[in-house]
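Working notes, beginning with the structure itself.
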Amino acid sequence: MRWPFFTRSKKIGLAPGSLVYTGSKRKNSPRITVFDYTPTTVEEKVCSSVEETFSYRDTKSVTWINIDGIHKIDIIEKIGKHFNIHPLILEDITNTNQRPKVEDLEDMLFIILRMHPNDAMAADFNSEQVSILITKNCVISFQEQEGDLFDSIRERIRTGKGKIRSMGTDYLAYTLIDAVVDNFFFVLEQIGELTENLENEVIENPVPKIVQKLHSLKQNLLFLRKSIWPLREEITKLQRTDSTLISHSTNIYLRDVYDHTIQIIDMVETIRDIITGLLDMYLSNISNKMNEVMKVLTIIATIFIPLTFIAGIYGMNFVNMPELRYKWGYFMVLGLMGIIAIGMLWFFRRKKWL
Amino acid sequence: MRWPFFTRSKKIGLAPGSLVYTGSKRKNSPRITVFDYTPTTVEEKVCSSVEETFSYRDTKSVTWINIDGIHKIDIIEKIGKHFNIHPLILEDITNTNQRPKVEDLEDMLFIILRMHPNDAMAADFNSEQVSILITKNCVISFQEQEGDLFDSIRERIRTGKGKIRSMGTDYLAYTLIDAVVDNFFFVLEQIGELTENLENEVIENPVPKIVQKLHSLKQNLLFLRKSIWPLREEITKLQRTDSTLISHSTNIYLRDVYDHTIQIIDMVETIRDIITGLLDMYLSNISNKMNEVMKVLTIIATIFIPLTFIAGIYGMNFVNMPELRYKWGYFMVLGLMGIIAIGMLWFFRRKKWL
Amino acid sequence: MRWPFFTRSKKIGLAPGSLVYTGSKRKNSPRITVFDYTPTTVEEKVCSSVEETFSYRDTKSVTWINIDGIHKIDIIEKIGKHFNIHPLILEDITNTNQRPKVEDLEDMLFIILRMHPNDAMAADFNSEQVSILITKNCVISFQEQEGDLFDSIRERIRTGKGKIRSMGTDYLAYTLIDAVVDNFFFVLEQIGELTENLENEVIENPVPKIVQKLHSLKQNLLFLRKSIWPLREEITKLQRTDSTLISHSTNIYLRDVYDHTIQIIDMVETIRDIITGLLDMYLSNISNKMNEVMKVLTIIATIFIPLTFIAGIYGMNFVNMPELRYKWGYFMVLGLMGIIAIGMLWFFRRKKWL
Amino acid sequence: MRWPFFTRSKKIGLAPGSLVYTGSKRKNSPRITVFDYTPTTVEEKVCSSVEETFSYRDTKSVTWINIDGIHKIDIIEKIGKHFNIHPLILEDITNTNQRPKVEDLEDMLFIILRMHPNDAMAADFNSEQVSILITKNCVISFQEQEGDLFDSIRERIRTGKGKIRSMGTDYLAYTLIDAVVDNFFFVLEQIGELTENLENEVIENPVPKIVQKLHSLKQNLLFLRKSIWPLREEITKLQRTDSTLISHSTNIYLRDVYDHTIQIIDMVETIRDIITGLLDMYLSNISNKMNEVMKVLTIIATIFIPLTFIAGIYGMNFVNMPELRYKWGYFMVLGLMGIIAIGMLWFFRRKKWL
Amino acid sequence: MRWPFFTRSKKIGLAPGSLVYTGSKRKNSPRITVFDYTPTTVEEKVCSSVEETFSYRDTKSVTWINIDGIHKIDIIEKIGKHFNIHPLILEDITNTNQRPKVEDLEDMLFIILRMHPNDAMAADFNSEQVSILITKNCVISFQEQEGDLFDSIRERIRTGKGKIRSMGTDYLAYTLIDAVVDNFFFVLEQIGELTENLENEVIENPVPKIVQKLHSLKQNLLFLRKSIWPLREEITKLQRTDSTLISHSTNIYLRDVYDHTIQIIDMVETIRDIITGLLDMYLSNISNKMNEVMKVLTIIATIFIPLTFIAGIYGMNFVNMPELRYKWGYFMVLGLMGIIAIGMLWFFRRKKWL
């Protein structure tokens, strides 16, 4: 199915906590990468098996385990067992149509985010699920497929630019959330530009296919809204949590993400209102154009119908039709027709129908 | 009556607590089944009379009494008396158009849920009432008719798969609620698929009967919404109850159901918005198509009317019409007509009316 | 005036607490009935003057004084004086367009309810005001006119069926409220049935008068909503009151009424949404039907206009028109016309315009 | 400008607390009246200068100073200085487009109300600002122009009818508020009556000018709503104030005003919904009527076009047209035309197009 | 891009706290002005470099540093370092599409406001960001470009008019906020006047270009709303802050600004509702006018079609057509045509189609 949020049924009838991957079918094996860093050192590794990541659980350095691809249930299960994650959380990770949410599990924080493709006109505007687990020393992130979303963060860790290396797992998690949220701006900017172009088209050349495009944009905004709206409340929850996993100095950054979330919601609403206005304007323009056409055509018909009637009269075959024998009869009738035609045109113009 | 929520009037004028079955008429006698289990043992029984279930009230094992069919008032009354249930609760059980709700009655919890048929296009999209009573040792569930909704739970109890056998009545009640809520996903997935198909039809072949289908889906979503919306708040109530009947370990599962409920509400709202958009797009498409037809037809008429007028002129019978006697008069007129026709076509094309 | 809520102006400029009856004009003298009962005894009396009821104020038995007709201001004033009622409360009783409300006046509770006629299609869908005063030993109820709403309660008191005789004034008041609320179900069921019938008509035979009926139903739902909406909050207020006039055992019954109120609001909203959907579907159907008609008619015209043009050509009177002298000219032209007609029909069909 | 709420710009750039009158231009000098009363005495005076009122500030009797006309800034300034009023409050009094509000200023209460003209169809549906200041011994009220709104209160003070003379400044202020609020009922009753009349017109004779009237009513309701909506919250604020200026016995009267405010908001919403329904019904009726006309006209044309075609055929001048020479040819063709006309009529009727 | 809120993407991938100017491209160098005043002295200075302002940080007098132009990142960075401002705040200052907000940073308050151009019909209705920082002795304000918004405040400081010189930084900040908020009244008044003019045009001469104008106004209102709506809550936050930077005496002025904010929101909503009403009325008027035209034209055609048919009949060439030989046949037919025409006109008039 094309729409992204209708695939829970695979799970119906199973015991709670059963792991079933509900996303699109994928074959390639998941990519597991590890970053382990302190303010002064950094280690980067691509793991061929999930067990390679286990040793990082108890190191004092900050470790970021990123798993691209969650369709191999056994990998998720092994991580779950080693990091001691509740089965329902594992279920949420593999069940890829969760709402964005934050859960505080005493010794860890669990965050679900949603991410949209960069092509705003995509018919297949699926949102992808990004799950983030924060423990004292580790951040484990799960994506449905490989992507370049976190590349700039990787670069910052490698080069030690910014504060990232000197901060803890909470700051790392924040940068991940920030990257996901920033991606919304990118998509919305595209939608905004498309909407501006469509606005010009609506004003200048309102062709029917614009309606389809506007509806498609509106529907994609609907999906965006669904992905960002719950985040607002959930980030507040994260800010107000009394978990020791979020330090005070990170909180001000979360507030910044919160501001961005509201800004995105604002933008979504504004563009939706603009698109609704454009649809109204399109309908008004198209009906106006159609009216003009029909009016002109009807006026042409209306002018010729009485003239044809007159011609019909003098086409009758009565024996006794005096006018027919007048020398200038034909020309008088032609003149009469001309006068009638001009009279009607004048009348229509005075009435502002032309 | 077809709509499911208009049958309370049978009760008007009766004293509160009077039991009257307000659902559809049924004749077969209710089916009563009992599951009684401990972590190590399980007993399954189909009872021929309600009295057979009474002995389970005071056993220490977990007992699940399921009653399919609530139209026999005397059975409900006997259970009410034996299990000491308040008359107003019994009234709610037999009065099959209650809103979903949770009531905390000190020594028991009472839950009403609603369940929809699996056929999303059903004209008769009745919701059925499922009532659940939780006491310390027993769960009593009431359905309007036999169904296979709880079969997977029965299987899990029989085989001892999952945690169900080692947990109490609260967990059993949770699995029942979960099964009912999961059923919504199934129905919504169907509606989602139907909507996608209708979207294609709206774009490619907008025939009038689509409107009826879209309206019918929209109406069914309205009924679904009515059945799921109150559940959100009620499950919160269940989570926050200070009743000792809900243990702390079950609470996290209730939270999971709560998440599902919100997800369902989200899906219902999203599909409703999509259907509204489709209806708008249908109207726009159909009016566009109609406009095209009318425009072409009117243009044909508009081209021939002046030509017919010219033919009419030379069909007049005036004695003195010089052109008629020209040798090439007829062909000149035919030529003139051709020029006028081509001129008009060119004009219409330039105006983008064709 | 027809609408029920525009008659306060009679009161403008008067001092607060002035009694003015603002309902419809009535002439017959109010009917005053008294029920006085204990668990074992019951006394029923029709009073010819209001003074006859005064002696019941201080009896220990439960007394229900019912006054049908509040247009005699002096009766209300006498009761007010004897039972020591605040002038603003008396004003509310006689001023028959109050919102439903509950007021806690230390030694008494004052409740206003609204009640609609049973005929859901009534153009004159006036709601009537029912006021209820609860003191320690008495319930005084005021209706605008005689009705059979409370007959079943009278019967229950007479026969001692149910708990009513063994409970206090709070339970009696509850049964009165319950009777008023139950009446909404009755009206809504009618509206539901009418809506179902109209739905069939909209699908099968969309005639213009349906619009009027749907609008009239929608307007009546508006009035119903206005009468029931505030009740929800007010009954909550009654449940949470710390007045000693409401006993704990009655509270669970109030909760039942509260559930019914929400159910009614739900029903009103659902039917409104359905009716809005029907109006949309009607418009879509009617415009579709109209389009079909216009399309067929226009196609007929479009086929004959070119044919008539050809006939016009050969009706011209040019001296030199070679075809006219061909032996089979006439039949060739007829054939040509046939070919053109069939060609156009084929073209229209291929374009799916027919 | 016609709309009442766009005149703040006169103030832009001025220091806060600068007094500028922003209402309509007026020339006559303000009318200042004083009522000074105790339960037993009453003094009424028209003051020629504002200084005459100053002596009443410290009397123990209740004094009501009413100023009709606030365009003389110096008068407001003198009162402000003598009664020790904060500059921002004086600014609010002269700046005549404030929202209704209540401010608690320790030693005085300040209330702003809005009042609409009695002519509900007025194109110039300006609301006037009424400001009320309550101190321990004085009530000072400011109106934009003279009016008869408070005449009944003056009469009650003069004659000592009701409780007014025996109560304090809070009760006096209440009666002023009550008079302003009651005026809304008067205006709404008018709008209600107009709407009922328009409803009849919409059903019986839907002419275009109804739309204008309905829109004008809807717009006036918008203005009314703007004037009454904030009052609801503000009166609650007044009720809950811990200011000693509002006595407990006046509070129950404020509750009455509060009830009226909600009732007015209810009425405004209800009439707005009704008007929206009427606009829909008008559109539906007018389009239905138009459709009928166009259908009949098109059917007439459709019947005659094939007949004219047949006449055209036998008007052709082919030499060899056998039918022309049949003795009864003419009458056979006439008969054929009759049959075709009747056949088409029968077909149209069967299709229910006629 | 034309719309003002889609430019965050420049920042994607950067570390939080990175300063990037996201507004329109500008070249001129920012203008820095300083006002330093006590109740008795005032110093005004235009600084050529940002360092000139640094010395004012620790003076006891009130200092207002105004920076017009924030596109030179290095200036912002220097100020940030000297005044010890958090990097995220600096980021907000340069990132010119923030929502209005208030942040309490212990030793300073940070306020973001938005300001619209004075031309309400501007296609380019960009809002500009105004950032204000309040410390104990300094107010630093940042504008995107030079403007005359604060000129009246400068004048008041120079001349010492009003209280401004005797108050602290909080009062100065208030006057800045007040100036920005007052500007909204100015823009809204323009929009109000435009709307009134368009209302007249809609009623008297509904031409299509009105739709575009109304939509453009509606869209600009959308942007205004986005700029003012959050301010309401944020100013409340400022009022309730427990920061020592806001003195009690300034609080009453903030309440005044709060009132203005609500008034502006009210106005925006009201004008939006009015414009929506105008759009509806325009559509209704235009369709009514079109209907009139089409009706008249169709009636003309309908009258002539039967007449042309009669003429066609007597244009047939049957040998045996007795009427043709009647002496008065021609005139009888003319008379018949006249009667038919008059009859149809009478019929149409009676049906009220004309």
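In this document, chain identifiers A, B, C, D and E correspond to the written order of the chains, with residue numbering beginning at 1 in each.
Definition applied: a contact is a pair of C-beta atoms (placed from the backbone, for glycine too) under 8 Å apart; a residue touches a chain by one contact, two chains touch by 3 or more.
Here the structure is a predicted model, which is why all the values come from computation and not from measurement.
With contact taken as defined at the outset, subunit B and subunit D are each touched by C. Graph distance from subunit A to subunit D, where chains that touch are one step apart, equals 2.
Measuring from the averaged C-alpha position of subunit A to that of subunit E gives a distance of 26 Å. Averaged Cα coordinates give subunit A a centre that lies 42 Å from the centre of subunit C.
Looking at subunit E, residues 294, 298, 301, 305, 308, 312, 315-317, 321 sit in touch with two or more other chains. If the chains shown are joined wherever they touch, the resulting network closes on itself as one ring, and no chain has more or fewer than two partners.
Each chain touches its two ring neighbours, and walking from subunit C in the direction of subunit D yields C, D, E, A, B. Within the complex, the subunit B residues that touch subunit A are 151-152, 156, 161-164, 174-175, 178-179, 182-183, 185-186, 188-189, 192-193, 196, 203, 252-253, 256, 259-260, 262-263, 266-267, 270, 273-274, 277, 280-281, 284-285, 288, 291, 294-295, 298-299, 301-302, 305-306, 308-309, 312-313, 315-321, 351, 353. Remark: subunit D residues 1-3, 5-9, 11-18, 86, 88, 97-99, 101, 208, 211-212, 215, 218-219, 222-223, 226, 279, 283, 286, 290, 293-294, 297-298, 300-301, 304-305, 307-308, 311-312, 314-317, 321, 323-330, 333-334 touch subunit E in the complex.
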